[in-house]
Amino acid sequence: MKFTSRPAAAIMSLSLAAAVLAGCTEQAGGEDTAAGSSSCESKDVRLVGQVRNESNPYEASWLAGGDAFAQSVGLKQERLTYDGDSTKQQEQISQILAGNTKCLVMNVLPNGDADTPPIVKGADQAGAYLVTQWNKPADLKPADHKTWLSHITYNGIESGQQIGDALSEAIGGNGGIIALQGVLDTAAAKDRFAGLEASLKKNTGVKLLDQQTANFSRAEALTVTKTLLTKHGDNVKGIWAANDDMALGALEALQQAGKAGKVAVVGIDAVPDAVSAVQGGTMTATVSSDGTWQGGIGLAIGYCVATGKLKVEDIAADNRAFFAKQFLITKSNAAEFAAPKTNPSDFECANVFNRVAGPLT
Amino acid sequence: MSVPALEVRGLVKHYPGVKALDGVDLVVRQHEVLGLAGENGAGKSTLLKALVGLVTPDAGEIYVRGEPVRLRSVVEAAGHGIGMVFQEQSLVPNLTAAENIVLGSEGAAVRRGLYRWDTMRRLAQEQLDKIGSHIDPLARTDSLSFADRQMVEIAKVLRIEQRSQHPPVVILDEPTSVLESKEIETLFAQIRRLREFASVIFVSHRLDEVLDVCDRVAVLRGGQSVGEVTTEGAVPRELHRMMIGSTGSDDHYHENAAVAVSSEQPRLSVRGLSGATFKDIDLDVAAGEIVGIVGVHGSGREDVCRALFGAEPTTAGEVRMDGKRIDLTSTRAACAAGIGYVPAERKTEGMVGPMSVADNMTLTKQKARCTGPFVAPGKQAGLVDRWIERLSIRTPGRDTAIGRLSGGNQQKVVLARWLVGGDIRLLLLDHPTRGLDIGARSEVYRLMRELAATGVATVLLADSLEEAIGMADRILVMTDGRVATEVACPNGGKPSPLDLVKEMV
Amino acid sequence: MSTPVAMKPAAEPATAKSTARPAARLTGFMPLIALVVLVAALTVADPDFLTQRSLTAASRTAAPLIVLAAGATLVVLCGGIDLSIAALASLSTVLLALWLPDLGGLATPVVILAAATIGAVQGVAHVLLRIPSFIVTLGGMSVLSAVALVVSGAGTVRVVDDTPVAWLDLYLGGYVPMSAAMALLVVALIALVLKVTPLQSWVSATGYSESAARLAGTPVDLVKIGAFCVSGACAGFAAVMLVSRQFSGGPTMADNLLLPAVAAIVVGGTAITGGHGSVWRSLAGALVVTLLRVGLPIVGVPSAYEQILYGAIIVVAVALTLDGSKVSIIK
Amino acid sequence: MTNEVVAAPRRSSRRGASFRDAGPPVALVVIFAVFAALSPQFRSVENVQNIVDAAAVLAVVTCGITFVLMMGSIDLSAAGVMGASALTVSLLVANNRNDNDFGLLGILVAVLLGCAFGCLSGLALVLLKVPSFMATLGVSAVGLGVATLMFAGVQPNITDAMLESWAVERFLGFSYLTWIAVACIVVGWLIQRYTRLGRYAFAIGGAEEVLTLSGVKVKPYKVAVFTLAGAFYGLGGVMVTSQLGAGLVQAGDGYDFSAITAAVVGGTLLTGGRGGILHSAVGVVLVMVLTNGLVQVGVSPYWQGGVEGLIVVAAVAAAVIPQRRRNQVVK
């Protein structure tokens, strides 16, 4: 097959080279749709929710929350998933931003800290309203940007510490534990582990025997836990996992090693399985992070700003990057969290910052 | 006379642009060995393929024992008792001999998809016994010698008896082309044994063999039957005439074009060359000289040839070209030293089938078609067209894929590859005429003579002893990896094949 | 001439498909047709898709994949396969991100050179140790990933000052993304170099029949090493593009591009067995794959159906573009 | 000329073949000995149990892939098929999503689903003439899509006592899953040795065209081999579900390349026609010993993949070097 004859190829490459040499280059985009200048009709707003995949419960509930909010305002959420692939996430974002961005609202879960800057930059240029959650580099602040409305996260240090404390209490303040880390390149994983370290400082009787990453994955947690259990044997009294999926994987490993019930396990996220495990007593504690709410709230903030019901300038600086409220779930209060509950009133423009626990530190 | 085992009437097969079969008639009687002769392109292959159901004829009838049949697949052909031993061996190398023998007609050896190894072994043993072979049926096929594999192949074909109640018709397509004379004799003995209970169609381009083993020979030319000969008392020349439509040239090997060889410094001088399969080879070839190397399968002559081209590692010895020592560490080095090699396996090693005639011709001597580092299309076109004309290569054009040419023309392109650079000093020819018909052979011989006349030294591993004797000025006989003896072979004083065979065993 | 025999021009028609000329030409253009059909389908699904900005974004997205696929196409043409390209590109993003602060603009050529060297090393291992390229590059893939993890400390390396690679984020004439133009340039350059030098016939000969090529004195080993080297260099360049786009380098950043790159090559119609194909085909293939990767979710195909469609379309596209007459046995 | 020569009875050189096949087991013993010497934890009984238990799923998947590799094809569909089968089984046995409680029947359906996907790969190869590399890649994507559809946002947790017990209960010190894997290996070996399907798969890898010439219809066998492989992947998905207690879309992540690695390390050639189930079993154990041993002796997790990659290359190089020839074709 020949797409081009040799002369054609030569001409093409020559003209390309000429174009480069002539330096007729410029920045593209960014020239249209100055954000916030005019408010949009409700029906013109385009709601986009982007998470890693639809095949884990937490992110599935996120998308469900987004759908619920979109329905409440008579719109439809465009659901995007990028399979935990940073490249694919950027590709999707840039494709979305290449479409009509006039009233575009994006509620994005960046794959890692480093994936946030290009998303922010793209949204800035296109004038799309953006709410990010969980991951961002510390030096990048929504307050410095016009259409990056807010960054929402949970205080990982706090939750890491809370479950750390709960774990040491469960093992009687004395003994060895192992830690399962999340994807190392995420603020969530780092903060939560920092919380564990803080907790360890406080509970001096507890010793961290080993820590390995299981990448937030249930299957990886299973194998890692099995190996660590053979390595450390009965010294393991407790397992600290940076999320519930890994905690559930660890539970399976314990069961297969015949140690179910003998080793305390804690996690974070309060996915339904974990909550019922806490309720049933096989797991010690977890911390609520409400995926359904997260999926809705990002879109709600963007929607309010896009329709002019909320002015960017009016958002308090503390609300541009904040920790959302979270709760430690133990056997005593697990029943309350057994059924996920979204309160439609949470998404009203006056209430969107109701769950702010404090500014990002 | 009883009903013919197989009869073909008016078979026609068209290919785009070619009429491969143009009304062929053929009769195979029961218990006879029928030779099938014809030049390449005469329609032999197509006819055979039609007989085993690989080709569906456009018109004509095939009768098996008087009954008209339609053969749409190998299985159907086998059902009628027709089976074929293919030109390239068709055995699965990583299965046992037994499995190969029963392949496709396992019968009792496989029940509901399950193997019964004992039954299989027994069935295979029966087949091997029929042809008097002593191979272990459970040996892996790739651990057998070439000749043994040929036996397995024949044993396999005879399995068609299992699919048909009648005496089988066995087709042997060029079974001898890669066998050495000893193995050929064994094969012929088996063929004569086959005649006791089967009919055989035997195809070979070696007419002496055809006359030797067959009862009758049918000749094809241009897709038509042109007659048949009873072998008793027939001579090859008679067959030649029928095949090509006129008397063949008396001077088949162009012996009168042979040049006198100067005996000064040899062009190629090999001393003590040793490798895995050969040892202490001494060899001198003068400019313009053609040296033949003969030997049975396993004598190591092919490996010597490849070693001289840097395609086979050597452990000791030195090679000089025109007195200058050269290191044959790679085929590149050999090319650079002015050595050219025409491999025996043309289709897999000699040419790159899907590439064009021009690309194949200029593959080695890239300089000849380039200006600086770049290919000069004009230069290439001129060069290639010149050689196409000079060697009378029949091709629709220089951009035609070489795989579409006939064998003879392919071989000429392969030869031309070494000539386009104009710097060839030594040619290593490994069975350069294998699978070529008489006309094409003759042209290759003429070309060899012409090259010799320009001073190119040639090492020839001939297809047959006759060819070696006809072409060579000198013949080395190799046995077991060593040079056993050297036989002078001047015009007018040629040795007889028997003289050579004595030395070979 | 000593023989009066009139030989038939083609005694045994090699393929018996010589009449299939128009059809063959059609298969030749199949990658392009597939591309057009896909764009049309996406446009029907979402009319907004066929806008200049959207196509610009798509071409920018496709750039790294095009470069990766173009490099690997050479290896495939030689009859091998390079599974290490994605891991090598990931490693290169890390190296680039690490070196940018110190080397500035020089970091780009240095990284490309390093990647080319790594590619060449794999080529040498393949050629000298006689290990199938699948295995060499599979091993290379894990080794390079490990190195990337260690070098980066298993985290993403952010590029604070991206000016040395920012030029790739510019737009030619305001419309054509520089990265896409560069990708096109890479493809054109490879195609041109192949075309005007003996390399084309060396590469094809090696791919179609390595032993025949070797016995014709073709520098088979060098050609193969060269192919791996170019493949590595392309992986390095793709990494530069990724860094300019993401402002960071990560040890797994490009890993997910491996299968799309191979898919691009095959969808383009290049025979995975070697010999037959071209980098232009891979360009078309890369565009098809990119549209599938990015286009399907954008026009609103739910994630589950997106995967099903992706799988089905890739298979169908390969079925359409593969020239069956050139390959006898398909494994 | 010469008299008829009676060919001397030839014993097969099967001894040579077995010497060639001895490489991987020897390597296994050596590597095991080295780790055992380095780490006391490694040589503990629990750890050996752990290694063998951890090998169970990979062994089953590798059984399937071995048949495909023996044919000279390749299969990358394991990840998708396992995901789909994991979701299927978790929704059919007693679980928290619905009231199904089909028990063994559910497992059977999941395995049959695996068969169906395998069959799909085979049909794409045979009917559409898509190279298996791409066909299975496409089927894998379809499998993942189907799995995601079934997942529907809520993790199905199994409560089926029998399926849960597979991973927990032990017999003679090994979990039921391990015994299932052993059974699979035995069944696989019987298929390979005593059925037409197995022998033909082997023969297709050796010389496919010969089978056709012998009147064997190759295509149905190819489809059947992929179907068989799919069944093993389906079972693998069920086993992962049993291990995790839940149906995960990602159940088969990484098993495709791991299984190929294990098969290749065990001595199965990617070109087909050599190797077999027992080879692969050795390869699986070798890979698992390596993975576990590296953790036990404290090699950084980042390097583990790299070391594995190097060892794979070394293993193949060691197997290849004794048979090297100057003009050998290595793709």
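By written order: A, B, C and D. Residues from 1 in each chain.
Going forward, a residue touches a chain if its C-beta (ideal position, glycine included) is under 8 Å from a C-beta of that chain, and two chains touch if they have at least 3 such contacts.
Chain labels with UniProt names: A = Monosaccharide ABC transporter substrate-binding protein (CUT2 family); B = Monosaccharide ABC transporter ATP-binding protein (CUT2 family); C, D = Monosaccharide ABC transporter membrane protein (CUT2 family).
On a predicted model such as this, the values are computed, not experimentally measured, just so you know.
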Set of chains whose contacts include both chain D and chain C: A, B
Pair joined by more contacting C-beta pairs (A-D or B-C): B-C
Most remote chain, CA-based centroid, reference being chain A: B
Geometric centre distance via CA averages, chain B-chain A, whole Å: 70
Centre-to-centre distance between chain D and chain A (centres being mean Cα positions), rounded to whole Å: 36
Interchain centroid distance [CA atoms averaged], chain B/chain C, Å: 41
Separation of chain A from chain C, taking each centre as the mean of its C-alpha atoms, in whole Å: 33
Multi-partner residues of chain A (each touching 2 or more other chains): 53-54, 213
Where chain B touches two or more other chains, by residue: 311
Residues of chain D whose C-beta touches two or more other chains: 148, 209, 327
Inter-chain touch pairs (all): A-C, A-D, B-C, B-D, C-D
Interface residues, chain A side, partner chain C - complex: 1-4, 6, 9-10, 12-13, 16-17, 19-20, 24-29, 53-54, 78-81, 83, 85-88, 90-92, 94-100, 112-115, 117-118, 121, 137, 184-185, 213
Chain A partner contacts - residues on chain D that touch it in the complex: 41, 44, 46-47, 50, 53-54, 147-148, 151-155, 157, 167-168, 175, 240, 243-246, 248-251, 253, 292, 295-296, 301
Touch list for chain C against partner chain D, complex: 79-80, 125-127, 129-136, 138-147, 149-150, 154, 210-211, 214-215, 259, 262-263, 266-267, 272, 274, 303-312, 314-316, 318-319, 322, 324, 328-331
Sites on chain B touched by chain C in the complex: 15-18, 20, 39-41, 45-46, 222, 244-246, 249, 251, 254, 309, 311, 331-332, 334-335, 341, 343, 348-355, 359, 362-364, 366, 369-370, 373-375, 392, 394-396, 401, 403-409, 417, 437-440, 442-443, 446
Chain A residues touching chain D - in the complex, by the definition given at the top: 53-57, 60-61, 63-64, 212-213, 217-219, 222-223, 226-227, 230-231, 233, 248-249, 251-252, 255-256, 258, 271-273
